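The following pair of complexes shares a single chain, chain A, combined with chain B in the former and chain C in the latter.
Let's turn to the complex of A and B:
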């Protein structure tokens, strides 16, 4: 029998790229405090695609956005928990091909900034750098956003700036995170002194101010500025080519409204993957797209993920998509994780009544008309929730204990954890079972 | 639920059961330009569509966004007047025979819904209701539920006062809401509940047909399942006909008796749901199915996708409209000059060098470039692997003279819907058995 008391996170902690620990995000509202995310813990392993599924309002997007501090505070409240990010670099010994020292992944952890790898309090004595994303200052967060962690949003029509050309939007990523490379490509030495070099340096990181824009347009700075712009053009074109956009240079001068939905989403992916991030957060990237386009975008994401060895947090409500592209799946319900496991475990051996309900609700070839197994009721309001299982009232197997105690996420098999009393006896009262149905 | 168990399934029957006939519907939207708003072209949103809806059946209308399915739904329900063609409602056997044999029928006012007047039009309106995709924008935020659901009853003077309240309560109970929801505003409900209110409103006058325009695409799966079950129960109880407009094949497979697949304003395939899912006769239907496999059944099938974009509906492709993206295209599918231009558009410098296209027809044109090398490169390109093999085969003439290239493709007539076995029809020149299953 598997040890039921072992917390699900302990397994395989070595190769995690990010760990969410007891994350709590609340929102102030007129009716009280909404517990949007209420104690969510999971880790994203290096190189995997983790699916985060659930219904509208279950907190999956809030969880995703917390990684990059993209939530408005207030009304949001960071009520506790942490998100630890372990940046990864390309292995120096093999250059990303995979060797013995990086155990074949081609990537190694980055040395801790405080002690440069010798081990100190900041890194928990293992020498690898770790960053608490929730406590990071805004300047430091800026450096991570788009560089180490990138995000793809649901609706590319809304996420792209309508008043900037594609070149300006994609170029911004490079100006923010790759100014040194840009300067190098434009033939400007990094250590060059003097006011000219300083102006160019500021230009390359979008920091030029006042009259400097005018100076850059005049000799002697003009030729170097042009070189810089050409180098930027090349980088943007390369990024767009990555996403299989034909004729990227022609597209660069266009505005988002001139592109189709699929094209816009490609631009967003190009933007997100421009700096080769360690972690990509994809928040329903294909919901706004047509089915035929959707398949292409998913292919593209998984292909680029393989090539860049990026880890992906894939947020979606579409179970059939998640099944096809994710390695592991976390099912969220009402601000909690109901079940987490490998894709195979979740789809072939679902243990939580909610997961079972969700799977049964999808119309398939086998389901008879008028007899879809709908989950009764609707998602509860999360204003000051009572200490009980959140699925009470909708669950088919509920007992008295479910209404008074809160089930914790516990392992039922290696890598497979469920928060339901069916699998872990409640502190008091009868244990529910899949054999007894309540009406 | 119990009603669904007892009553036999509504089966599509003979011609006598036909409730509504759509014949050769066209809906074109003018493109206006310039200060005088001169009409410079037409967006052919719906371009010649015919089908029948029988009593008690669900007809699924599927296709990508922009294929005209929503516009067609609106024309059927009388919300938009068609540019050409007509929707016939409630016609007799004799009139039906006339409809089948003659190209154009003119009975004057009476049965064409765009010519209905007075009482006849009111009768059509009450028998054909609509449920919209977005329940946020289709329910007036300033009205209470009792006003929203009771409005049709008031307009048709069916009920008033206490009786109205009781009728509304009965309707709400049918869709799984109850008396306590009467005096609430739409924003106080969840998405699924709002869609239930829309359905209750559509049911108020006991219609024959409900046009459902993507009724579940804004909902979660568990709520979608509730709504689909509800729609089915209501259909069995009241012998309703549904025109179910959606892009989700798993939903259509579950709900529809027959399916009409649309692409760029035209019907590419129709038939019984089970037949179509067993073996699609058109590569587009096939591609739609491969793009979103079933959760359980298609476990191992890889997702397949279509290349390219939906062409501009203002200039639909010749021959088969799907040939530009079809994985199984042949040389006789309608390759044309626009395909050359589209191909040029995807290569960087070539398109900039193109200075003019002089068309003799859609299949025959002379392309002029700014220099001779570009002309030669185009000619070489058209004979190489860079263009699809069927397009190369369809090229009848390719002459380079200086800066210009003349291309001529095989002329192909428009490929229309042709009847196949079992009451099925497909607009594809391929033999059904040659349409490969992905």
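Let's turn to the complex of A and C:
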């Protein structure tokens, strides 16, 4: 077997766009420390869609939000681990179309700043820039958010500011991250001196304050400001056009409550993909939508992902949906990864008892009417857990070792890793007994 | 699949002028105005406010200003205790020969000054303190809110009375006293609103696109939490005059000032002997003022709160 292998991590880091390593996020609560995410490791490879599935409260959203430091930190505790992000650039040889030097993805790793690509300690000797997202300062984090890593939320109705128009909300992304391009498109020299140019520059990055807004509305700067606004209009309209919204120019002046759920989600996607990010975190983006809209939004996400060469972390609890759009799937249970592998492996050859239970519980057209299959028992409390497999008590294949040891995630096949003692022996000292328990 | 990267999307179909942000805002304001005006009691309140404002603005033309200080009641010692209808004193005179009509007209100016200064000062202070507490949270919030609690533990009127009495009897001291007492209300409202708005997912969404904290505050949090403050401010425009008149009535503003509360207090001695007019007319003005702003405040709340829509 493959028991000596590292679990399912990409062979070379050039292939990975982000790597989560032993991530631990805890929360303080009145009853103790909740281990929401307890030692999760996986990687997201360049250009792939990785599905993160699990039931409510298993830690999948917490994992997703950790990428962008979005968790409130007084109740939350960053208990350990790291999320390494490898920013990518468009390949210069082929201009993003895909060639041999960029292994067909159209993207190459951005060179490390310390050694400019020759390899050093700072970049782990491979020359590619790497950023630990958990240790990033707030200003650096701010520059990554929306530019290199973007996120789509579950309920587009709640994720848009009700008091700003669509134009203002999508335009904000460009103002935060693309002010140079904006100034260029408006025909304003980016290196011009003088107070007027300074105010315009500040306007283009949404930094104008107080009286500057007034000055911009008055004659000497007014025409320049209008050019800037028109350039921004164009950028926003293009971003909206990408999401196949009908009549984007007209839509720009609308407020979120005037749009349907599907349109709002398209606006969210336009906002997320505006700056062509390397990684898109989609936190159940279709849960709040009805099924027909859901299908179209999914199509849109996969199409845009192909075109922009964006990697996607797709968080969902919907197995059939994940099967449709993901290249690889990680199954989470109670703050741990139970199983990770290609979509094929997970759905056709599930190894973890939990994955098996989940798949058995999915009703199909062929299944008999009547009671639905379910996994017996309920999700364990995550308050101060003891070292044991999290699935004990519900597992049909429980052994003595399961109650005293944590099974580690280990490979059972290439790209396929499972954390279960059925597939690899428990540590010494435990007496394994693989007797299948009845009922 | 390979040529999908080469597909060029068509440029936006038409490049006509976009509806600008300002046009949209004007439209929204019109919508709101129509919404407010559809409520008859609000319209009544607005009409009364308009009348009172007109009276305050055109006071010099309605009642000839007193020399040298227009805010002092003119004294006509030759016409003391005259009933309404006396030539030259349409609404009668007080015990000290003060013209009631003059007091009523110029009193609207003093009331407007009082309410505008107190409300704008308290809204600004309250919003700043409440925002800092709600936005930063933690120990800053704790410290600020405990201070607010201290202020709130003493009844408004009694606290204002104590401060005004401490500072000495004068109209400007009443303004200071009321401002010191009322700002805590806005700090409370603002903090509660900000904490609530902060929970919204669009704040996370704004962080996700890389917005700075200060931008998030000014663009996402403040506009979405300011409505209750606005409603409360409108209601307070009336309440402040009510409390101010009470303080004046007790004698905490300088004697002889053209202020409704002072006038009521000047006339109250005569009520028992049948000289009702000196207290009644300024009392009526106080009533109208408080009523009008309460009507408009309620109307504003209904118009701005989506939950009451379509009642």
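The criterion applied here is as follows: the second predicted complex is superposed on the first by the 415 of 439 C-alpha atoms of A that agree within 3 Å, B and C clash if a C-alpha of one lies under 4 Å from a C-alpha of the other, contacts with A are read in each partner's own complex, and residues count from 1 in each chain.
Here is the rule we go by: a residue touches a chain if its C-beta (ideal position, glycine included) is under 8 Å from a C-beta of that chain, and two chains touch if they have at least 3 such contacts.
Note that the structure is predicted; figures quoted are calculated from it, not measured.
Colleague: If you stack the two complexes on chain A, which partner ends up touching A:202: first (chain B), second (chain C), both, or neither?
Modeller: neither
Colleague: Which partner does A:317 reach: the first (chain B), the second (chain C), both, or neither?
Modeller: In the superposition, A:317 contacts chain B only.
Colleague: Examine A:306 and indicate which partner it touches, taking first as chain B and second as chain C; both and neither are also allowed.
Modeller: Touch status of A:306: second partner only.
Colleague: State whether A:227 touches chain B only (first), chain C only (second), both chains, or neither.
Modeller: Neither: A:227 stays clear of chain B and chain C.
Colleague: Going by the touch definition up top, name the partner, chain B or chain C, that contacts more of chain A.
Modeller: If we count touched residues of chain A for both partners, the winner is C.
Colleague: Per the contact definition in the header, classify A:249: touching chain B only (first), chain C only (second), both, or neither.
Modeller: both
Colleague: Just to be sure I follow: which residues of chain A are touched by chain B in one complex and then by chain C in the other one?
Modeller: Chain A residues touching both partners: 247, 249-250.
Colleague: Where on chain A does chain B make contact in their complex?
Modeller: Listed in rising order, the residues of chain A that touch chain B are 55-56, 246-247, 249-250, 260, 262, 290-296, 298-299, 317, 319-320, 323-324, 357-367, 369-376, 378-379.
Colleague: What residues of chain A sit close enough to touch chain C in their complex?
Modeller: It is residues 68, 70, 74, 96-98, 106, 142-147, 150-151, 153-155, 158-165, 167-168, 172-173, 176-177, 206, 229, 233-234, 237-238, 240-242, 247-250, 252-255, 268, 271-272, 303, 306-307, 309 of chain A that touch chain C.
Colleague: Considering only the defined contacts, which chain B positions touch chain A in the complex?
Modeller: Answer in residue numbers: 1, 4, 9, 64-65, 190-193, 220-226, 228-229, 232-233, 236, 247-251, 253-255, 277, 287-288, 290-297, 299, 303-306, 309, 345-348, 351.
Colleague: Can you list the chain C residues touching chain A in their complex?
Modeller: Within the complex, chain C touches chain A at residues 1-2, 4-7, 9-16, 18-21, 23-24, 28, 138, 200-202, 204-212, 215, 219-220, 223-224.
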